[in-house]
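Here the structure is laid out as structure tokens; the discussion comes afterwards.
Note that the chains are named A, B, C and D in the order they appear, and that numbering of residues resets to 1 at the start of each chain.
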Amino acid sequence: MNALHLMAELIFMPLIAFIVGMMMVLMMRKISARLQRRIGPPFFQPLYDIVKLYGKDTQISHGLIHDIGIIMAVGGYIGAEILLPVPGMEGIAAKGGVITLSYFLMIPSLGMALGVGQCANPNGSIGISRALTAMLAYDIPFILVVFGAAWHYQSTSLIGMIEYQQVHQWGIVEMPLLAIAGLFALQGMLGKQPFEIYIAPAEIATGPMVEMSGKYMGGLFVMQTFQLYTAGVLYASLFLGGGTSFLTLLPKAFLVVALPMSIAFMFPRYKTEDVIRILWKWPVMLGLISLAFIL
Amino acid sequence: MNSLVLLMVLPLFAAFIIPVVAKFSSKLALFTGPVVLCINLLLIMSAWVKVGSGAHAIFLGGFLPPVGIVFYIDHFSLLFSGLIASMVLIVWPWDAKESRLYSLYMLLSAASFGLALSADLFNLYVFYELLAVATYGIIAKQKNSSATAASLRYLFISSAGSVMLLLGIAIIYTLTGTLNIAHLATMTENLHGFAGLSAFALIAIGAGVKAEMFPVNSWVAEVYGTIPRQLSALLAGLISKLAVVLIIKMLLMVFQVQAAFDLLLVVGMLGVISGEMVAWRAKDMIRMLSFSSIAHLGVLFIALSIGGSKGLWLAIAIMLHHLLVKGGLFLMADRFSGHFDKLKGLAHHSPMSAAVFLVFILSLLGVPPLPGFWIKMALVMNLAELGGGLYYLAIGVILLATIIETAYMFNLVQTMYLKADADSTPLNKRYSASYTFAKLFALLLLVSMVFVSPISKRLKDIANHSANPQIYIHTVLPARYLGEKS
Amino acid sequence: MTLLDHLFIVVFSCLIAISVVRNLPIVDKLAPVLYGLILIMLVRMASVAYGGDAYLSSFSLDLLGFKMHWQFTALSWYFAIITLVAALASAVFMSGDWGRQYREGGGNYGMLQLALIVNVFSMILLLGSGDLLSLFIGWEFVSWASFLMMVLSPSKLAKKSAVKYIVYAMTGAMALMVAIVMIYAVNDSLEFEQISIVFAQMSGSSQVALVLLLFVAFAIKMGLLPFHLWQAVAYAETPGPGAAFLGAISSRMGMFTIVLVIVQFIGLGGLKSVGTSFANMQTLLAWVAALTTIIPTYIALQQHDAKRLLAWHGVGQGGYMLLGIIMFDSIGSAGGLMHVLNHASYQAALFMTVVAVMYRTGTSDLNKLGGLVTQMPLTFLVMLIGIIGLAGLPPMNGFVSKWLVYRSLLVNGQPLLFVAAVLGTLGTILSVYKLIHNTFLGQLRLEHQNVREVPWSMLVPMLGLSVIVFITGFMPGLILPWIASVQESVGLPVIAHHLGGIEYAKGGLDMIWVSGILFYGFGVGALIFYFLGGKSKRVHQYDNYAGGHFLTSDVRYHYSNNFYPGLMHLIGTWYRGSFQWLENSIVSVMSFFSVFFENIYRAKQPVMLLLIGVVLALLALYRNLGVGA
Amino acid sequence: MKKELKIKQKERTNPLAHVFDDFIRFCQSKSLFMLHYCTGCGAIELPPAMTSRFDMERLGIQPMVTPRQADILLITGYVSIKTLKRVILTYEQMQSPKYVIGICSCTVNGGMYWQSYATAKKLNEYMPVDVYIAGCMPRPEAVMAGLQRLKDNIRNDKKEHKGSAWKDYFKRYDYYLGNQQALFGEDWQTPTDIIAEAKLYGLETEETYGKHTKLLEKHQTPLLPQEMRIK
């Protein structure tokens, strides 16, 4: 791997993630609009939102940690994107592996939590308390899924997993139950209904985001694009055979993101304890049954 | 060498003349006792050197064994004689005004020396009774109702114990026709049947009353709680051991049988468990120490049940250690005692006494590198070497007891180190010689920590020598008896 | 004279020196120097950690026929260096203003210094043990030294918990003694090698008994389930730097002995041979470890006192160490061993930050703090690094060791243990966020407006420890050679390592890359943040959206109490206090028997007892000997 | 007509600055987050405007729940004096550029509550209002038209100067503060430090200060942010 290739990966992997992620945001909003028989936002709406937020004249900050929180939230995902192999760009990703990646995915949450904490807004703190609880809820099935996949493919490297699937069958065929459990966890991970108690706009004023304005909010919008992209690509790599080129990978990723979105808007939301209860019951059960088959 | 008879005779004589002397000068009466004891100490020391690694028998009244009265002198008996003299000196009632008490102490010492030295059962019994009488007297000297009740209880159970002892001796006499221990040792086969062993059981339980053996030790807490601390130190530290000496003599010379060992092992274990359990609930320092003392006598019986010279040396070590520690603790109790709540903040009033207290109990618990640890270690290892279910159980019991003991001892220590109420002090402010002696004991304990190896070697020598029936027989019995045997 | 003799002599002289000068002002300057000196002695012995031979002491003792000698292996050295660094940091921490405040508050400062060196001395003695007897003696020393440290606090609770500790510790010591006795009884020897020899000769039930006894002994010290109850309160009540030291390393002596005795001499084969293939001793220990990671962590989540929260986490993290080592493979055991050092570094730093906050505000109650980040930014930084380490997130060192443990569980196909470990990590994240949020983030209280950063004497050790937390996370290769030597010396498979991490066929770890990527991400994030957006303006904390409500300083709105209500709503009912119940019921059973025996001693007719005793004794003899005899 | 107030304009050194400014303004007009402060009956007309019938989102407008995130403050009906305090607090916490839309007659002149002692009659006395949508109540079409008007204003602000009414609040703070004080009393204070903000963004003029701000200074509790400090 030469320096040029390295530079390219370092720059383009997050960039691609950002662009694709914006499209996923658009798709998400379109899906919800269509489900509600609306037209939905124009094509560039995600971009407009982000540019506008970054371009605000007033930006209030509650202190250095508030700033650092946003940097960590965005930066953590940028790091995660680099560790997430995509066709043609998998040099650095080999250094980490799926365990490292799943840890990287916790860093943005922690960063955001720090930033929100410094805002000294009780709504924000309540939101974070709920968000971390939700993380506890969805990470258990998620980690079961990661374990099952890694065991099945006999590798903790996503590249190895993709190679295995390219040679054999897709993971979703070989481990359907685990794939379903993964989808469940994904729903929680994306914080979509019915698992969006920590945002709860009407009760706690969007919780963690309550004091986020301007580029702070913009950072979170960027983070959302990364989040959707990561979820889509990660799931596609784990269960849908990844892709040899973006042409084969991206449709799968979009499909993966579209699925929870379509389900999401049909639900109200669960209380925090019910989120844990449901995520610890069904997907975990599915995961364990599936593991029993795999092991 | 025959002057050693004086060990017993001098205090006995002193006991009788002290009331007479007191008529003329109370000062003189007060000092008679200590002077006698000092003379005894000197005698013991000279005898210690003379005896060397051998043994010596003194025949009294011109009759040769197995008929006459015999004193058997070796390092074991001398060791105990020395301890008796020093302990009585330490607890001598300097501030008592009554000469009768001096007499009783002298009587007590005379009986104790007799117990340590005698080599036939009848004399042992006589001295044992004498000791009992002296103790009743001393306890009854306390002029309060609870002391009276305690001494009455002690009297009842102790006399019942004496009856058992006598019964045991009678059985032995019936079986063998002799009461000389050396003589008995030559005809053990007569005694190893059910009748003989039941005699041993009766003797053990009878003497066990004084040796704080379970279940005949219910007097302990009450008596120790009502008598002066020095006297408790004497009783718990020394007199209890003298009763054990009686048992040891019977056990090692005559009854080296598994059934006897098992008996001692079982009562020992029960003693340990019951003592520790009750001490655990105690809220009064003296009561706690009393029951702890019961438990440690239990450990002593367990050690004896190992048998032979190993058992003996461990037993001696335990006795010496317990004498130092429990004696020291009871002497400390002269400075502070009572309910735990009263002891709150003691360490702030007197850090030194708390520290001394701590040293004692740490050694009692067997914390390395204090001597208690080495004793416990050696005991447990020896038990393990014997193997067998009961011995393993004994190991478990001893170690469990240590845990319980830690719990209650440190419950007290914790109270001591709590912040004190400003106005009240738990300390007994008047000068107390006992406290000085307690510190001395602690110092001795610490010094012996450094000399664990030589001391243990010495004790093993003593035990090897004393636990050997052949030496005993050869020393005591005239040749013709041996000739018959061989 | 070998280097080990020198080490013992130096440590002992330090003990004497500090005990002599402990009440003089000079002890502040002297103590760190002395710990530095011991550290230098250890560094001189460093060859042992790079594959060199173990050091033997030139002297030995022969007491009562038991031989004792001492040795220093890679394992000993590894634990010793952690001990000394923790001690040095604690000594520096307490040497300046903290010590002054402690003295003025009526604390016995000299005693604290003494307790620290006594602890170090006894730990070195334990680590240097060369046979079972010296191990036992060192073990008791360590127990009593910790006890000394714990009772220093004047509070009644501290004393009570210290007594509870010592009862537990004695139980452990007695279990160890029984185990030693079992070993000794076979061949009359107390050498370590006897363990495996004797173990092989034993019957199945004896093997179970031996392993359980050893494990109970060590588990009590380490606070593993179900013996975890003593630890947290006792450590939390220990005076500041003492708590940091104890929390960092003291209970890890249990880990040391587990590695030394169980791993080295009983080994995987030994553990597996006990029990059936489905549920053998290894499974049992692994599950004990897994439950230890979970239960104490979730108890920590409930705490609202910072020190207790940390202390409970200390208990929980012990589970990871055992979980790693019990896997017996190269990565798992490396993770378990490495976690000892990692945990020590961040736990000490975290305890120190809490003590620093207490130094300034006088409380560690998480409901009475908040918003201190502006007042104590460096302390905040240390706590941040510490909690990232504790939660096991990259790029701190806690991540590396946990990664190794996870990897090993994955390789060994242990999904349930894996989930248990993750459950522990997630609980830790929740709980440490609560810690940092309630202390440093959120609303600053009116009474804390004038709080300042702590003095340098306290900051330097904290920052130093956090540098260790970071550097060993960034370049685990600095530590891994030591781990490899330890593995070699105790006969485990040796890990293949390089500066950045480990090499492993099915996916290794290179922390330099991982951290590099992370920092690259942060860098890009910072670029985006600072150059793409408008300029931001700092606002006052009361300029805050509360649904149109006007916030004022007299209204507290810091969200701190019952921080995770949703979670507690669900799992709150699962906290049954079962172990507390167990402990209480043991005490109740004891009381029952105690009352029983007390009644015997109270009997109105003592002579009856005598007669019963005689009759029973005769009966027993009669049955024993038979009629004819 | 109000006179033109001079503000110090920052030097823009970047040759592309105007391009950026135009782009940002374009995006601002395309993306508007709306905080609807539903004080009165007009709120009932918002759901149809948001949902499938009229679908605000296709204009890039979507509801947000906190003033920090919002661009538009939508006041839908009469504003009682008690409510007005909250409205002002909320307005001040919004991030510039920010816009106010008054819906219903009540916000224009008090409407049917014109003689009530408890309502504020003209909203633009207390904060600069960009667009009024009159009617009792205005239909969703009118709401949509008003929003569209606002978008156009923002887009064409460079030429028509209709889209930056928010600057007026900083430039003539004394005037607004005076009206607020008249209603709420002398010790009226919000947690947001408007003067400091005006200074920071270079929007202060001579009319920012006056006797009302002096009065404010007298009663004000200081609002300096906590400094992060090591010593």
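Keep in mind that, in the parts below, a residue touches a chain if its C-beta (ideal position, glycine included) is under 8 Å from a C-beta of that chain, and two chains touch if they have at least 3 such contacts.
All values derive from a computational prediction rather than experimental measurement.
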- [ ] Determine the shortest chain-contact distance, in steps, between chain A and chain B.
- [x] 2
Task: Contact-richer chain pair (by C-beta pairs counted) among B-C and A-C - done: A-C
Task: Most widely separated chain from chain B, with each centre as the mean of CA atoms - done: D
Open item on the list: With centres defined as the mean C-alpha position, give me the chain B-chain C separation in Å.
Closed with: 45
Task: Whole-Å gap between the CA centroids of chain B and chain D - done: 97
TODO: Could you grab the centroid distance between chain A and chain D? Build each centroid from C-alpha atoms only and quote it in angstrom.
DONE: 35
Task: Junction residues of chain C - those touching two or more other chains - done: 371, 373-374, 377, 444, 535, 537-539, 541, 543-545
Task: Multi-partner residues of chain B (at least 2 other chains) - done: none
Task: Touching two or more other chains - residues of chain D - done: 66, 68, 197, 225-226, 228
Open item on the list: Dump the list of chain pairs that touch, please.
Closed with: A-C, A-D, B-C, C-D
TODO: Would you mind writing out the residues of chain A in touch with chain D in their complex?
DONE: 29, 33, 36-42, 44-45, 47-49, 51-52, 55-60, 62-64, 201-202, 205-206, 209-214, 217
Task: List of chain A residues in touch with chain C within their complex - done: 10, 14, 54-65, 67, 70-80, 82-83, 92, 95-97, 99-100, 103-104, 106-107, 110, 113-114, 117-123, 125-126, 128-130, 132-133, 135-136, 139-140, 143-144, 147-148, 150-151, 154-157, 160, 197, 205, 210-211, 214-216, 218-219, 222, 271-273, 275-277, 288, 291, 295
Task: Complex contacts: residues of chain D adjacent to chain C - done: 66-68, 85-87, 89-90, 93, 190-193, 196-197, 200, 223-231
Task: Of all residues in chain C, those that touch chain D in their complex - done: 371, 373-375, 377-378, 444, 452-453, 535, 537-545, 548-551
Open item on the list: Per the contact definition, I'd like the list of chain B residues that touch chain C in the complex.
Closed with: 153, 156-157, 160-161, 164, 193-194, 197-198, 201-202, 204-205, 209, 214-219, 221, 259, 262-263, 266-267, 273-274, 277-278, 280-281, 291, 362, 365, 367-369, 373-374, 377-378, 380-381, 383-385, 387, 395-396, 399-400, 402-404, 406-407, 410-411, 413-414, 417-419, 452-453, 456
